[in-house]
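Below, subunit A partners subunit B and then partners subunit C, in two separate complexes.
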Partner chain A sequence: MSQSLAKQCNEVKERYDTCFLKWYSEKYLRGIGTAENNECSELFKEYSQCLKVALKERGIDKLLEEAREDNKENDAVYLGRKK
Partner chain B sequence: MVLTHTTNHTYNHPFPTVTLAFFLRYCTPQLNPFANHVLSTDTIAQHVDPATGRLHTTRIHLKKSKMPPAVMKLLPTSLTGGAADKASYILETSVVDMKEGWMSTESRNLNFVGVLSVIEKQTYSAPATSPSQHVTAPNPFASNGTTDVATTVIFRSRLGERIRDKLHTAHHDASGEGGWFSRLGARGVQRSIESLASTKTVDQLGKSREGMQKILERLRQTGVMGVLELRKMARERSMEAA
Partner chain C sequence: MKVFSNSETFDYSWEEVSTANWRKYCPWNEKSTHVVAVDTLSRTVDPATGILRTERLITCRQSVPDWLKSLLGVGMEESQVLETSYVDPAQKTVTMVSANLTLSNLINVQETVVYKPLNEHQTQFTQDAKITALCGGWQRIRNSIEDTLVKRFRENAIKGKEGFESVLAMSRAVFAEEREREKMMLIREQVGNIRMAAA
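Here is the complex of A and B:
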């Protein structure tokens, strides 16, 4: 896809994205993609670890927490039941 | 104050292809020329629920600010964080259920929420009239089939609530900066932000649909491998340029 927000994660992100797109189109969309046979899990762990640092540095982890709180409030008030 | 806007659209592509296009839509400008404003895309969570078989994904996109310039001008820098902060983080969550044939997505801005919060919800589904279409066909990219999408955008400006306190403290000094809001009236500002943003977003919805259309056409022509190849080439080119 496009770049990662953290330059140092670009390479692992690219590998994960490619893995995911292949898994999604070749397995998940054909009904054979389950939680167990996901060959991209290890790559995702690596990618997440890299990204975690960047999210913290930019204060995005805090924004995410706020959004989660806000989400509950919004859904309750404006949208009712979630699918 | 809250504004909502709902639209319906039908893509002339089967449901599995449309869900793939959703994941690919910020891939590269070569694939989607309408994604030039997207600076980065990251997946922060992704898993298949073992009980339901649904795929849950959370992504963060960094986009050049979609806040209309007219709104930016209206706002004091104390609220916008100044010119440096004209990119916004978008949190996108999605759930795909391939067995039942639906995908539901939600995108919301993570910053600027004190000024304006925009939540876009979409539900993609295979039409009810052809239930067999989405049920894990041997070739999910078969070129027949359509997909319905319902989009709801909810705008909420909390500016009024936020500045009310400021107004109270600035009240005695009404000729100063506090007067800016007093003259226009917090409610008026709030309302214009929402209506401006709403007009802009309706515009944006058209573009995002055109973008999806481009990706869908490409998928029909070259398949997934063709798209992956294009992506790789675009990446190599950008690395050479760097």
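Here is the complex of A and C:
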């Protein structure tokens, strides 16, 4: 797996990525993994908490907010809400 | 604005490609070394469509030509991109849209990548990047900035294809190994059961 931007998050990121990949290939692609809560949710929460601190420290959180705003159009197109 | 377009065919099924895509930038990829970190920021399944939406933060480290460095400042060597991807399992499409976070007031890079099946064993990759230098001043400078970035896209695309090919090959090998191991475990279990029943 790839590294995290923040070294201290690498360990939990690795565990989450591995969990996700298994879920994606064995469940999601077979149409049995659409639930919002799955076996990786807890790990993701842990990883996100670690990452959130790192993003704030580096000032990336603000840049992300702007970029997300600009991406709303794409969401409308690719989530099929706009033809 | 300058445009960079590219398309490739991978001799793997869409399922394999879309799975391996999540670890395109792992150590199996020895080519795309400019990507130093990939972090998942959010991940949701759209209840209405079943589309998996993921936000990832991609951190790149790549040298910048000296003239550009002096023009934009040193903050360009490490740059970050927000990638939002949409997996539509019904249509068998992965769409990834990316925008630069770094120096976004001076340069705007919008990239769209799509993975679609060509047939059961082949997947098509298409890439489109629109690059716009926003800084005022001379057209010639804006042109040079855009050309430099297009050139980099082209170089990274070649490396990206080669690197992803090794990730796909490794993924297939590991998957086959896992299947084999699971089969062996099942056999061992059954043999054990038979022995117990016989005893």
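Criterion: the second predicted complex is superposed on the first by the 66 of 83 C-alpha atoms of A that agree within 3 Å, B and C clash if a C-alpha of one lies under 4 Å from a C-alpha of the other, contacts with A are read in each partner's own complex, and residues count from 1 in each chain.
Note that contacts are C-beta pairs under 8 Å (C-beta built on N, C-alpha and C of every residue); 3 or more make two chains touch, one makes a residue touch a chain.
What you see is a predicted model; the values in this text were computed from it and never measured.
*Asks:* Kindly classify A:Lys13 by the partners it touches after superposition: subunit B alone (first), subunit C alone (second), both, or neither?
*Replies:* Both partners, subunit B and subunit C.
*Asks:* Going by the contact definition given at the top, which residues of subunit A touch subunit B in one complex and subunit C in the other?
*Replies:* Residues 1-5, 9, 13, 16-17, 20-21, 24-25, 28-29, 31, 33-36, 44, 47-48, 51, 55, 60, 63-64, 66-67, 70-71, 74, 78-79, which sit in both footprints.
*Asks:* Inside the complex, what are the residues of subunit A that reach subunit C?
*Replies:* Result: residues 1-5, 9, 13, 16-17, 20-21, 24-25, 28-29, 31, 33-36, 44, 47-48, 51, 55, 60, 63-64, 66-68, 70-71, 74-75, 78-80 of subunit A touch subunit C.
*Asks:* Could you please specify the touching residues of subunit A with respect to subunit B in the complex?
*Replies:* Touch list, subunit A to subunit B: 1-6, 9, 13-14, 16-18, 20-22, 24-26, 28-31, 33-36, 38, 44, 47-48, 51, 55, 60, 63-64, 66-67, 70-71, 74, 78-79, 83.
*Asks:* Under the definition above, what is the set of subunit C residues touching subunit A in their complex?
*Replies:* Within the complex, subunit C touches subunit A at residues 15, 18-19, 22-23, 25-26, 35-41, 43-53, 55, 57, 59, 80, 82, 84, 86-89, 95, 97, 99, 101-102, 104.
*Asks:* Under the touch definition given earlier, write down the residues of subunit B that touch subunit A in their complex.
*Replies:* Residue positions touching the partner: 2, 4, 16, 19-20, 23-24, 26-28, 35, 38-44, 46-50, 53, 55, 60, 62, 89, 91, 95-96, 98-99, 104, 108, 110-111, 113, 117, 119, 121, 123, 135-136, 138, 140-141, 154, 156, 224, 227-228, 231-232, 235.
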